[in-house]
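Structures are listed in the sections that come next.
Next come two complexes, and both contain chain A; in the first it sits with chain B, in the second with chain C.
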Partner chain A sequence: MTTTPLDKTSALPLGKSGLSHDAVYWIGFCVVLALLIAAPLVLSEFWRRFLTEVLIWGLLAMSSDLLIGYTGIVSFGHSAFFGLGMYGAAGALLLVSPPNLWLAMLFGLAGAAGAALFVAYFSTRLRDIYFAITTLIFSQIFYVIIFTWTAVTGGENGLIFDRPHLSIPFLYNARFTSTTMHWFVLAVVTASYLILRRITQSPFGMVLQSIRENEFRTRAIGYPVQRYKIVAVMLSGLFAGLAGVLYAIQNEFAAPDFVFFLTSGDTVIYNVMGGVGTLVGPIVGAGFFQLVRQLLAEVFGDQFPYLIPLGIIFIVMIIFLPQGLLGFARRWLNK
Partner chain B sequence: MTEKWKEEKWAEDIWHRGKTTRRRLVGWGAGAIGAMMLVPAPWRAAFGAAKPFKIGSEQPLSGAGAAGGKTAVVGLQMAADRINKNGGINGRPVELDIVDDESSPAVARQKSEKLVQEDNIDAHVGGFLSNICLACMPVWVDAKVVNMISVCLDTTLTTTHCNRYSFRPYDYAPAQAVAFAPTLVTMAKKWHIAYLDYAWGQATRDAYIAEIKKNGGQVTGTTGIPLNTPDMTPFLSKISGDIEGLFGIFFGKDGVTVATQAYDLGLTKKYKWAGDGSISESTNLIAIGNKIDGFVAINRYIPVFQGPLDTPYHHAWFDEAKARLAKIDPSGPLPDKYVQSNYEALNALKIGMEKSKFEGRGDTMKLIEALEGLELKAGPDFPQGDKTIRKEDHQAFPQEFIFEVSGGTYHLKETVPGAKTMVPPACTFSA
Partner chain C sequence: MGAIGQFFHAIPLDLIIIQTVNGLVTGMILALIASGLTLIFGIMDVVNFAHGELFMLGAYIGFVVYVATGSFWLALVGSSLVVAILGAALQIATLRPLIGRDPLNTILVTFGISLILQNYALWQFGSTVRRVPQPVNQQFTLFYLQYPWYRILIAGLSAAIISAFWAFLKYGKFGIWIRATAQDRVMAQAMGIPVPWVFTGVFAIGAAMAAASGVLFAPLVGVSHTMGLDWILQAFIVVVVGGMGNLGGSIVAAIFISLLEAYASIWLDPSQAVILSFVVLILTLLFRPTGLFASATR
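Entry: the complex of A and B
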């Protein structure tokens, strides 16, 4: 897989406008962020929640981009990280009274990190399809455990709980509304994006990209490739877990269906649709997928088999837009 | 924008030829509003009758639960058509807004939010898979919409996860265990339970263990089998030892698998063979054939005309349901409990809406009060029989049918009245 990170040409000046790519990037970033901040003020309740959910799925997809786009390994274990994050948060919200937001996040991240460490330790010894299959098997193991361990996980029924208050110690404590929920999720997703962007631009990120381009050569020049991969899988799992925590808080339930490998499949689809190796692309992909599905339901009715046209769109995109929506947009803008 | 339009011929006709003046327009408008305010309420109701009640329904029309979801919709549609044919509810027709939850809690959650926020449903009747019923509970509570559950079996829906807005107008596992255990203990003293190893199977297993013990019997062992296991032989072949009866807790295609493989292994001849009625649902009988002969089970509904089910209204309901089912499945299955409970759930809601003079979501609390303790009488609305929605937990206790399967059909052995299936309420509604 050969992909180019967005920032490769960031230092170059942009021909006609005279603005550097950095300036254009940050202006674009601020505009999009401002639009996302303002969105809940104009959107109806349903679309507000829809947008929030797109951000959460986007965060999950973005987390896997660290592996797919930057390290060159495809993980089907993200459903496990997402699910463990969700169940970790659920555990905290059910065990601690009154439910505490930050404790839920801590428990969720701990759950996802634990699962990621376990998966990473074994799977990073393998490459390519073997890595992908191993992560898939691990996610299915977690699924079966969660599905059958009813006394703890609620089994097939999952867990339902109350949403915690949005609390900042000594400063603020109020019930979440759909608007504050959106802003909270947006803040977490934005912070995650900036952290992941920094990681991919750091020397560590460069080594990951080197592994992606040529793993043998990276090893040959002395980098402990497996250790780098373990850290990459763990970081990726941590952000996937964070997405799971946000989903649990937004929807007040955790279900084993999210741990099933189909969630990982969706994540890969979001990446391919949006553009791998871009971080923002997977969020765009998640939004595009969800929006097309919703619009098809609006136009053709709820029982329309939307997966057929979506599948066709996906195939067309792979053939004609192999770099995804963001890759296409970037090429078009650079013309 | 200029005022040029006023110079157009048509505008002149309106404003400058004495036909319509602003003063006249205001005068007529005020008169019309005043008249509307003074018109008697029944007239207003009659004019407002055109606006239908929107009843949302979430059903699995694709994915794992699709087969059952499609038959559930038949029951709902039957009830809605009948209500509309008889003049609607409070003079207003009923419009069903059915959404496919794709057997996925994530999709179900999104679609139920759309039902309450975009489609503005007045109430919800539906829910097939328990995990989806549970996942969507907060949506109905937040939107203050009555949720009449129509298939979901999970016990906690009316116990630990109960809420003021959700009602279950049919039975659940603990009530069936109470009803069936005395018969089981007369069949055999020592039972082994084979069950589907997930939430519903485990909860049902626990209920039967407790009730068999309470009635002087014993459960000597249990075998959990994962969902969708195509070959159950490795699990079933280990069932042996000091047991007299084998009790199965399965449904759907797993029910077909367990019935055929237990027969092939000789277990159904060696031991008394009983279980949850879902194993022998009419849609499964064709696939299992005579391998299920001698199976004794319990169900809230069986498609026969025996005992309390031999009534003219059950005959009429059965014929119509069968005809409708034949349209979606040419093999012509008989109506099952999914058709029955959806049909009756919408009728229960109808009676509550009529009793509370429900006009819209603003009347939800009045509707809840009307539904709490509501007695549903056997008749064309409730062909299964009498039932009461208990106020304390919104759980109904219908009569249960204990039957034996032989020759590809059901033979009613015993009818247990709803009152003899009662389980103490275990629900505390949050304030």
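Entry: the complex of A and C
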């Protein structure tokens, strides 16, 4: 298969040089990674935070891509996993002293896993739009609980806490700066990407893709489709929870707004804009969305209802560019 | 015997009757919203995420017309018409190109529409809650409460709109077209029914019903840009519990869930009573995944 030109790699002189797909892929991967590592050293404080946040939203969107792009089921409930990750991290940081980064992650992942198990068990009984609606409603259950259980979750005000130190046992222990925060987030997102990519290329991932292509036939071959879907939702929920933990650490608060289903909607928008079924597409989509939003705010002021033009772009993209920005490279990226 | 007597004594009968009335009133508004939603789904395979926003926009337009003319009833009719036209335009512009694609695309598009409409309302009207006075101010005595007749009127009007719509589906020419399209899209087209226009019409009718319920509901709590969000979730629950695309099922489910929440809020905080409807939904999904009143299997 000829190599499709893809972002940075096309600039390199390897188009016709006969390098294998793998080589081009990994060179591209390293170039993008190197750029992202170098980015905080050049960018201003504001854009550094911006880029970090894009990566976090990208991780959330990427986790949802495992369902949308690879299993063919659209979850409108990722805000629950994201939020539980957030509140789990908040719990660990508030209860245990001194606050520990890894414990926060563990708590966040446990929270997200609990939510994911609950949502997965019920919603995978249904298909297509029924799945989408039930995940939405289940995420709202968590929202209502978090919003009304003021004694534990702080209710409407959410929870505020201090950022833990970046600590690697016996090696390193220091306060997060915005640069090390960026690198930390980048490391987690990169690792998640590689794990998710491995999952989608594993036999398990192949079964998921076969469910996406033809669920009935997959069941007829003898795969327990619902069990596969439950595992897929749980995996996806874990990575979404990880994004929640990162967001909580980056911003030092947990708020019920993020559990509200509009967050799930944003997640789906990132996916569609960037291109489903590519894993990197959702990150690009998140970046595109946040960049347009930021540019609109710079040009028209903070009060500008940025979601109106973005909503129009989104609708136009669904109608005319359903594959998203990276759709053209989809086969190549999954090879 | 004594224990049972005490148990019945502990139930506040007056409260229960009051909450029954309250539940029926909210139930009828919810039924009006949900029947538009289930109609659009049953005929077009479109899950209309923007339905709550059409409800909200209907309330705002009703408010604008009311301020301009001073007549609530003019606001009701005017808002329904405007939102129907808007709905038709939205359907032609965004949903018609998606006919024949995966229904999931329609969720995404209508979600986009809902974001646009909601932010437009926030931008245009700000976050202050707008008040629309009740057109009927008389009250009657219900135990210790002065209960407004207007609420009863809402329930009656909702029921009337739903019945009129049902009769229209059954006897009107366009209604027969709609039912034919729902039954077999390809055959309907072969018989000369303009299916794309039936879709547009159905969306417009559903939008008008949402707008009408928005205007009817506006005097109770006021108009705000987030009012659609609260109702769309309730409406989704109702539509799933009633069986998607099943008009009668949605109406029964709407009343059932509203009554349940009304009774629950005797003992619970109203915001927690919502969880009860979630429980109903979970039980429905566990035991009757196609809805309590579904006829067809999915």
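Observations
Everything that follows uses one rule, which is that the second predicted complex is superposed on the first by the 311 of 335 C-alpha atoms of A that agree within 3 Å, B and C clash if a C-alpha of one lies under 4 Å from a C-alpha of the other, contacts with A are read in each partner's own complex, and residues count from 1 in each chain.
In this section, contacts are C-beta pairs under 8 Å (C-beta built on N, C-alpha and C of every residue); 3 or more make two chains touch, one makes a residue touch a chain.
Note that this is a predicted model, so its numbers are computed, not measured.
In the superposition on chain A, A:Asp302 makes contact with chain B only, not with chain C. In the superposition on chain A, A:Phe253 makes contact with chain B only, not with chain C.
By the touch criterion defined above, A:Ile133 reaches chain C but does not reach chain B. Counting residues of chain A touched by each partner, chain B versus chain C, the larger count belongs to C. Judged by the touch definition given at the top, the superposed model places A:Phe147 against both chain B and chain C. In the overlay built on the shared chain, the residue A:Ile315 is in contact with chain C alone; chain B does not reach it.
Of the two partner chains placed around the shared chain by superposition, chain C is the only one that A:Val272 touches, whereas chain B remains out of contact. Touch criterion met: A:Arg125 reaches chain C, while chain B stays clear of it. Common to the chain B and chain C interfaces on chain A are residues 144, 147-148, 305.
Contact residues on chain A toward chain C in their complex (touch as defined above): 74, 76, 122-123, 125-130, 132-134, 136-138, 140-141, 144-145, 147-148, 261-262, 265, 268-269, 272, 305, 307-308, 310-312, 314-315, 318-319, 322. For chain C in complex with chain A, the residues that touch the partner chain are 47, 94, 97-98, 101, 103-105, 107-109, 111-113, 115-116, 118-120, 122-123, 233, 236-237, 240, 244, 269, 271-272, 274-275, 278, 281-282, 285-286, 289, 298. Against chain B, the residues of chain A that register as touching in their complex are 44-46, 49-50, 53, 144, 147-148, 150, 154-158, 160, 251-253, 255-258, 302-303, 305.
Within the complex formed with chain A, the residues of chain B that make contact are 61-62, 98-100, 104-106, 109-111, 113-114, 117-118, 130-131, 134-135, 137-138, 154, 156, 161, 197-200, 202, 224, 226-227.
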